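Pasting a structure here, questions to come.
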Amino acid sequence: MANFDGPGFSMVDESWIQTKAIDIEPSTDFSPYLSRILEDCVWNGNRAIVFDVYWDVESVNTKSERRLSSVKLSTKNLCLFLRLPNQFSDNLKDLYRFFASKFVTFVGVQIEEDLVLLKENHGIVIRSYLEIGKLAAVARGTPIVEFLGARELAHKILSCDTSRLDSIQSKWDEAGGDDRLEAAAIEGWLIYNVYDQLQQ
Amino acid sequence: MANFDGPGFSMVDESWIQTKAIDIEPSTDFSPYLSRILEDCVWNGNRAIVFDVYWDVESVNTKSERRLSSVKLSTKNLCLFLRLPNQFSDNLKDLYRFFASKFVTFVGVQIEEDLVLLKENHGIVIRSYLEIGKLAAVARGTPIVEFLGARELAHKILSCDTSRLDSIQSKWDEAGGDDRLEAAAIEGWLIYNVYDQLQQ
Amino acid sequence: MANFDGPGFSMVDESWIQTKAIDIEPSTDFSPYLSRILEDCVWNGNRAIVFDVYWDVESVNTKSERRLSSVKLSTKNLCLFLRLPNQFSDNLKDLYRFFASKFVTFVGVQIEEDLVLLKENHGIVIRSYLEIGKLAAVARGTPIVEFLGARELAHKILSCDTSRLDSIQSKWDEAGGDDRLEAAAIEGWLIYNVYDQLQQ
Amino acid sequence: MANFDGPGFSMVDESWIQTKAIDIEPSTDFSPYLSRILEDCVWNGNRAIVFDVYWDVESVNTKSERRLSSVKLSTKNLCLFLRLPNQFSDNLKDLYRFFASKFVTFVGVQIEEDLVLLKENHGIVIRSYLEIGKLAAVARGTPIVEFLGARELAHKILSCDTSRLDSIQSKWDEAGGDDRLEAAAIEGWLIYNVYDQLQQ
Amino acid sequence: MANFDGPGFSMVDESWIQTKAIDIEPSTDFSPYLSRILEDCVWNGNRAIVFDVYWDVESVNTKSERRLSSVKLSTKNLCLFLRLPNQFSDNLKDLYRFFASKFVTFVGVQIEEDLVLLKENHGIVIRSYLEIGKLAAVARGTPIVEFLGARELAHKILSCDTSRLDSIQSKWDEAGGDDRLEAAAIEGWLIYNVYDQLQQ
Amino acid sequence: MANFDGPGFSMVDESWIQTKAIDIEPSTDFSPYLSRILEDCVWNGNRAIVFDVYWDVESVNTKSERRLSSVKLSTKNLCLFLRLPNQFSDNLKDLYRFFASKFVTFVGVQIEEDLVLLKENHGIVIRSYLEIGKLAAVARGTPIVEFLGARELAHKILSCDTSRLDSIQSKWDEAGGDDRLEAAAIEGWLIYNVYDQLQQ
């Protein structure tokens, strides 16, 4: 059984997020972790998986190109952080197939450009996705929330304390690996709760 | 006469879905099954065929490509599951022509990307289709339903028990062939009923 | 004078549709039939010609391509069914020019993809056209009718008996040439009356 | 001074349209006629020039192409009909420049496809144009008028007698040159008056 | 100091427009005139520069191409008319950079096609622009004004006397250089005042 | 610690903006300044970074091309002005990555064309951005503010005194480096406050 044996973090409402960070190599079988994420998401009611993607900048003359470097997947209780290799390896297909699932809705913040880049640069298609800022803007009648980042969006919708996240992000370059993982978990958890709130 | 001699499943409202799964080979004549689906759909009042398509991921360097691997077609009483071969064979034209029918409306969930890929990768054009989530969002005035998957959309519109589906999908990797066929039948039936409901 | 000497069919309101089916060969002069259609349409008040196009599927490797195989043109009293040859022949220009007419409005159901294919694959441009489902959706304030096929759309707007059409279409593969022509005539007549109704 | 010495026609409100048809050859100087049209349009209050373009179909294999064959320009009192040569000749620049004028608004019916073809096939850009059907649909709150041809649009907005036009267009293939010129003049006059009406 | 030593014209409200027409040659330094325009625009409150561009038609076979031939820039008190050379010369960069300014809003009428051509044919990007017809249509709730030329738009919004402009434009081919410059100055002044009005 | 040791400027509300201008060379490490900007932005509540980009015009025949020449980044208290080298150097990746941050919202005026050029010409993607004019237009119900430059937009929303900015910009060509830096700081500060205001 896939074990989320990375550090666990307590959220401001006392809930607990268990994390797992994986450096994917050609021989890594990370599919059990995806199955566990799927299972958690199905049983937690709203079938939402919050995701975020990170890019590496590569340069060719005056132009830069982007390569998918990491992926974050969050459910109510879990946060999976996958660091991708430079070269395509066959096991990445598991991730590509996971994104194509229609069982669940992939929820993200400011993902429009990401979706274009995922398709153009890697042929990855997320089939069932939701740009949560746009939905929140319509649902709440406040146009500005469409343009906010994860923390500000959560701040507007949930009005909860985000000082721990602020503290890590304001000193991002000096933050250690666990701090960054905690920030990832907090952001995932914030968006999960925004989505949950909007569904009421 | 095309015989849906696969397993039958009972839905939560006691209705019965008869299924048929076919592995298409160059010599397979599956057109009688398409005719039977068409006939059932014409006589069942709303002329809707619920469909879903599944893709295989193939990779070329850092890019992935998608190839149509299976197609699901559902009416009120029937669910046909077609597994497609790797190579194009002449009998697939029957399926392509079926999709071009204007007798019926092909109903799907989150199909926008699918329609683009069908055209770009296989030249398949579904002529009369309906993205049911978008329609439900407009018809019910609840923007969020546009972004939901099949089960969540049905949940919102029909409020019916989906525990059997949840149970199969939460353990998808361990599910057997018949369980997966049952899940396909349930999802098809759910969407068929959502469409029926929205038509009232 | 162009003679619509194919079978005639009685509609449910006792009106009569005279048909003509033509297999176009390089030497066929079908332009008098187009003139007769035009004349009928001009004198029948609303200057609408209902059209539908049919495609043949051709395949190149895993991709399929579409070639225009037939065209149906309907007015209040006439239904012309043209089967096109595989090769372009010079007399087809008469049809291409006919579509470019601005005297009349060409009315169709679910024609968006057709219009794209007509232009991309054959360079045919219909200059004055109307996707009647979209108009009906706006005019009646019922979004779902935008996505319906001809029969369902007519059913919603006209509430007339379509059992004869249902009977033919449900057994399409076994239907004979005259039955199919009758179905074409009925569909054309249904849409003509929907358009007429919407104009009131 | 450019002399509109073609036939004159009386409209249903007793107004008079003076016409001129010109077959453009490389040595034809038609610019005085354009100047006269411009002058008439400036002094007649609303600075509208009604235009229509006609295409010839040329075929390459299964594809057809379109070549601009004629142009109609109408003002309150004048109707100029220009037949263009097969080959580009230098004097056509006068027409291209005329279309680029911003002094006036070029008014047309169902011109969307025309504008695309003019640019793609001939590099002609009409800078200040108005698709009058769209405007009428918004201004009158009747969506259907967006999709009507010139005669039907005028019929809806002006409710005037169009039996002369109907009579010519219903027998178009048998109509003589003067009849067709009269039909062109009537259509131009109808649209001019629709535009005038909408401006009130 | 850049001297607008061309003819001055009195507008219908007794205001005075000073003009300058420049034929740009490779050695012409027209940047002081742009600076003076900028300065006038900054101090006159609304930071608007009214512009218009003119194209030359060049032909290649049946296609025509457009080359930017002149540019008009108007502020409250000044009107600068630049005639561009056939060949690109280095001093044109001053104009290109001027258009990229974000200090001001460039205001034009029916400029959509112009902006496309400027970018496609010359790589010129106007960064801060306003299609004033569209704005007027929204601000006044009268859709038709979106499609009007400069004079008609001003007529609708300002209701001022434009007989001098009409007089010049109706005899455009016979108009002399100073008359045309006066027409340019009047049009610029009209649009400047429309913009000013809409800002209230 | 990154030291903003350029000139400081007092704003009209007595607040103080500390500036730093950097000419980036291949060996320049400007990332500490970006970190400081990020830190200031996180702690100042609304996580907004106001940005502006400047382009150099390069010409190839009759076409011009644009190359990113400078970038301005403003927070509540800081203004960073980066001048970029002609050649891509590896340290520019720090800037490209900074723009891809989702911690913050990048706020700009009239940035639509900039975003297109950044992607097309340099492959730079700003992931979380806000065109503030569009938002202000919606939030305030005044369409015209969508089309205004920074100063005019601020003028409409904040009604504060901008005479210092006007004074510098009206004599831009004669302005010295410090004056231009002050103008940059003022514009950044104005937009920051507009955004702050709109968030209330």
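Letters are used for the chains, namely A, B, C, D, E and F, taken in the order the chains are written, and counting of residues starts over at 1 for each.
FYI, a residue touches a chain if its C-beta (ideal position, glycine included) is under 8 Å from a C-beta of that chain, and two chains touch if they have at least 3 such contacts.
Heads up on the chains, UniProt names are A, B, C, D, E, F = exoribonuclease II.
Values in this document were obtained by computation on a predicted structure and should not be read as measured data.
In a homomeric contact, the two copies may use the same or different surfaces; for chain A (exoribonuclease II) and chain B (exoribonuclease II), under half of the interface residue numbers are shared, pointing to different surfaces.
The rotation relating chain A (exoribonuclease II) to chain F (exoribonuclease II), fitted on Cα atoms, comes to 60°, given as a multiple of 5.
Taking the mean of the C-alpha atoms as each chain's centre, chain D (exoribonuclease II) and chain E (exoribonuclease II) sit 29 Å apart.
One finds 58 Å separating the Cα centroids of chain C (exoribonuclease II) and chain F (exoribonuclease II).
We define each chain's centre as the mean of its Cα atoms; on that basis chain D (exoribonuclease II) and chain F (exoribonuclease II) are separated by 50 Å.
Within chain E (exoribonuclease II), contacts with two or more other chains are made by no residue at all. If the chains shown are joined wherever they touch, the resulting network closes on itself as one ring, and no chain has more or fewer than two partners. The chains touch one another in a closed ring; read from chain A (exoribonuclease II) in the direction of chain F (exoribonuclease II), their sequence is A, F, E, D, C, B. Against chain B (exoribonuclease II), the residues of chain A (exoribonuclease II) that register as touching in their complex are 31, 35, 38-39, 42-43, 46-47, 67, 87-88, 90, 92-93, 96-97, 100, 102-105, 121-125, 127-130, 135, 138-139, 198-199. Note for the complex: chain B (exoribonuclease II) touches chain A (exoribonuclease II) at residues 52, 55, 57, 59, 61-66, 109-110, 113-114, 117, 143-144, 147-152, 166, 169-173.
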